[in-house]
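Chain nomenclature is as follows: A, B and C, assigned in order of appearance, with residue numbering initiated at 1 for each chain independently.
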Amino acid sequence: METMSPVERVLRAVALTLVVVFFMFPIFWIFLMSFQTNETILAIPPSIVFSPTLSNYAALITGKLQTAAGTLDIAFMRNLGNSIFLSVASVAVALVLGVPAAYAFARHKFKGSEDIAFTLLSFRFAPPLLVLLPLTQYFQWLGLSNTYFGLIWVYQLICLPLILWIVRGYFEDISADVEYAYRIAGHSWFATFRKIALPLAGPGIAAAGLLAFIFAWNNFVFALVLASADKQPVTVGALAFVTSSGIQYGQIASAIVLSVTPTLALALYAQRYLVEGLSLGAVKG
Amino acid sequence: MTTLHLKNIVKRYKSQTVLDDLSLDVANGERLVLFGPSGAGKTVLLRLVAGVIEPDEGRVLIGGEDMTDVDAEHRGVGMAFQNFALFPHMSAFDNIASPLTATRSSKDAIADGVQKVAKLLKIDHVLSHHPKALSNGQKQRTALARALVGSPPLLLLDDPLRNVDAKLRFEMRLELPRLLAAEGATVVYVTQDYKEAMALGDRIAVMSQGRIRQIGTPQEIYNAPADIEIARLFGDPTINLLDVVPQRGGEGVFVELSNVRVRLADYDGDVSGKPCVLGLRPETIVFTDASSPGAIPVTVEAETPLNEKTVTLAMTARGREILVSRPAGTPGPVAGPAHIAVNGAQAFLFDKASGRLLPRADIASKRNGEAA
Amino acid sequence: MASTATLRKPASGFRISRKMLPYVLSLPALLVCIGILIPFFTAVIYSFQRYRLSQPWARQFNWGENYLNFVTDPAFWNTLKVSLLYAGITVTLELLLGLGIALLLQRRSTINNFISIMLLLPLMIAPALAALMWKLMTNPSFGILSYLASLIGLHDFRWASSPDTALLTVVLVDIWVYTPFIMILLLAGLRSLPTQPFEAAALDGVPRSFVFFRITLPMLTPYILTATLFRLLDSIQQFDIIYAMTQGGPGNTLTVFQVEAYLNFFQSTNVGRSAALLIILWAITYTLSNVFIKNWLRLRERARGEA
């Protein structure tokens, strides 16, 4: 790159600072808010100097809110537990279903394989409500309404295409000869899959799993339509939380902080794979 | 040892026919070299024998048994790949041991087997290394060791020397025949290097465009290439090819090169008047004095000394380029006018239209007659 | 050595044939596919029915009536307008911003890499929660943004609660969440471009604007196309941010396709109209996704080729 003039250097620095402030400030502000009581939050002008309190977190974790009207039970911890269970289970199912299929699509070009792969991909881009609304009725008939099983099944809509298309790319990157060599050495296709393909695609599979976890965690509409309060993840739970009476703003903020921390931590951990995952394998970082 | 028979193999990829009704028989203990340019279908053929890809038509028989529908792991062949295809997440030891673990041999038996073959290939000191830590030569030997370790009756070697440097290739070319002989397996060996083919093959099958063009001993192919293409592929420097029209003369058939008649003793009158291509191996052409009979005047353009030979580019009076090869260290003209002599008995005639080698008149009886 | 004695025989018993194997491997995923395709077809049928949850007895096929009614239905035209407006504004702004940020961060350096990772964080926050965060910040009584607005003279700026500024507010949240998506794809694209043309241009003293419009942009086009179409597909069906922020309000200011369909289904219990809306949305996304997949595949081939 060419050398920059001092003016340009300053302009760039200013622009970058503005960008960082715009994108980081909300996270920073909500984080601060989660350590504040209603008095400091409502103070005008707002200040970043205050004596921090953990009372918001304590209230969420114990599930007991002290309000003027008395003690209020909140189920935020249950939402958090639901989020963890739904996301982990959905990713596990998607891996069990998706990895063998990805292997089949990568290694064996068979009749209809591309059609199935693209159908799965098109799920990613179809309006989710189109499937969800009729599904509410099917779930009633099948007794799957408000069950973890039903939710995990529907979560495959986002997890499966992601796993399938990313992992497929990783399998395609393994030289076919390496697998042939293992077959010729006398091992079955399954042994080859287990001892050669899986270990070599391992990092990619792990990354796809982490990304699928993030997307499952962040999903909102599935549980909104299909789950009642006791099965709802944090995305839906936190929203209901806002409308419940007597809630303190700091507690909403700390609920948000608790809800986004897992995905942010995973994203930082898996950031090397984010580009590839976000583009469903089309762009490498 | 075992036999291999391929019967009418057809393999297509999309609309492209990669193997076109190909049949091939390899005898017990034979070393057959598949030779041909890239894209000829050699590698596909080898994989088909190994069982990792399936033919669209035709049968694969190993040891007389139909293996066409048998999975690769049950065919009991050993194979080395051009790109080595080592398992990157396993040590050299585990790589080599992989054919033994499949048969559930005991731990000791596996260790013994690996040690033995590793010693033979001089890689016993790097067995704990992963492929990443191996030099190219060591990788190649590890791949070979993996193919050999199970003592497979049929050994498939897919251009194993392709990706190693020239020095190593030279060494291995000397070492391999001994190794393969000791192994006693039937071998199908793929290469694009004619010297390798000549050095290693009991027989060579020349492939191009999915078919076998010619099959025979190295000498047969060198001395009687079935067509111009094969003649060009075998030999370094490349064979000289000159358009000629043979004529019938007093003593038999001759061609004229720069107005000098070269008698083609092996051909009879059938070829006269037919547009032909004359094939002259560079090493059959010698420099000579202007005064000797049959001397053809040329101009020496350039000389390239190679290791064991010197190659000279000469130009005939009609502006045709001729390559002359002589053993290094023997005297020869460096530049300017010179004369060459051509031995008509060692020349080939190809039909210009079809490119096929024109049949010689009963060579054997004629040779015998001369000898008598 | 007997010629075939050492050959291992095919194992008898359980064995999946070579031809069947890929089908067996992909069958479970396939079944899930089918499970999801059934409700899709059900939705198609609903869209041709007069079907209200409140009047299940009156359910019957009315064929194209749901669709025909749209022509004279101002609410539908409002939905279409708001959806297109929302998608158009967000994607355009995100593309410009994302490209700008990617160019700022193009040079590999510790600080640039750190910033690019930090900027990804909004993208990793659930859009519904992001909306909630902005809701807290735009709260009229204590929101920091409301306070900042008042500092520049915008007293009583009501953000998402006012029909005049609701669209602006949700667009702002969308930009906050999704600009990093475009930024990170274009950054990866920029960094994968061959350096030669740029070095040659620098040596020849070619003006920078010329380099940008004649070299950078054309070479970046596949990435821009993929990122834009990807975002367009998501943005035209945005639900989470809008629903979490305003539930489509105030009034019908933000009743984009999916929000309108959701409200039709659960509030007005008009299943037929809801399904017809979603089918129209599906037709739009299906058309877009065909264009998208073509570009996406080309890019994917390229990425795999470099591997």
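Criterion: a residue touches a chain if its C-beta (ideal position, glycine included) is under 8 Å from a C-beta of that chain, and two chains touch if they have at least 3 such contacts.
Composition by chain, UniProt nomenclature: A = Sugar ABC transporter permease; B = ABC transporter ATP-binding protein; C = ABC transporter permease.
Being a predicted model, the structure only gives us computed values, none of them experimental.
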item	value
Remotest chain, chain C as reference, centres from CA atoms	B
Leading chain pair when contacts are tallied as C-beta pairs	A-C
Euclidean distance of C-alpha centroids - chain B vs chain C, Å	58
Inter-centroid spacing, chain B versus chain A (mean Cα positions, whole Å)	58
Euclidean distance of C-alpha centroids - chain A vs chain C, Å	15
Chain C, residues touching no fewer than two other chains	8
Set of chain A residues in contact with two or more other chains	186, 189
Chain B: positions in contact with at least two other chains	71, 73-76, 103
Of all residues in chain A, those that touch chain C in their complex	1-2, 12, 15-16, 19-20, 22-24, 26-27, 29-30, 33, 41-42, 44-46, 96-98, 100-101, 103-105, 107-108, 110, 113, 116, 118-123, 125-135, 137-138, 153, 156-157, 160, 164, 169, 172-173, 186, 189, 214, 217-221, 224-225, 234-236, 238-239, 242, 249, 252-253, 256, 259-260, 263-264, 266-268, 271, 274-276, 278-285
In the complex, chain C residues that touch chain A	8, 16, 21-23, 25-26, 28-30, 32-33, 35-40, 42-43, 46, 100-101, 104-107, 115, 117-130, 132-137, 139, 141-142, 144, 147, 176, 179-181, 184-185, 188-189, 192, 198, 202, 208, 223, 226-227, 230, 233-234, 237, 239-240, 243-244, 257-258, 261-262, 265, 271, 274-275, 278-279, 281-282, 285-286, 288-289, 292-293, 296-297, 299-300, 303-304, 306-307
List of chain B residues in touch with chain A within their complex	47, 50-52, 71-79, 81, 83, 85-89, 98-99, 102-103, 146, 150
Of chain A, residues touching chain B in the complex	175, 177-178, 180-189, 191, 196, 199-200
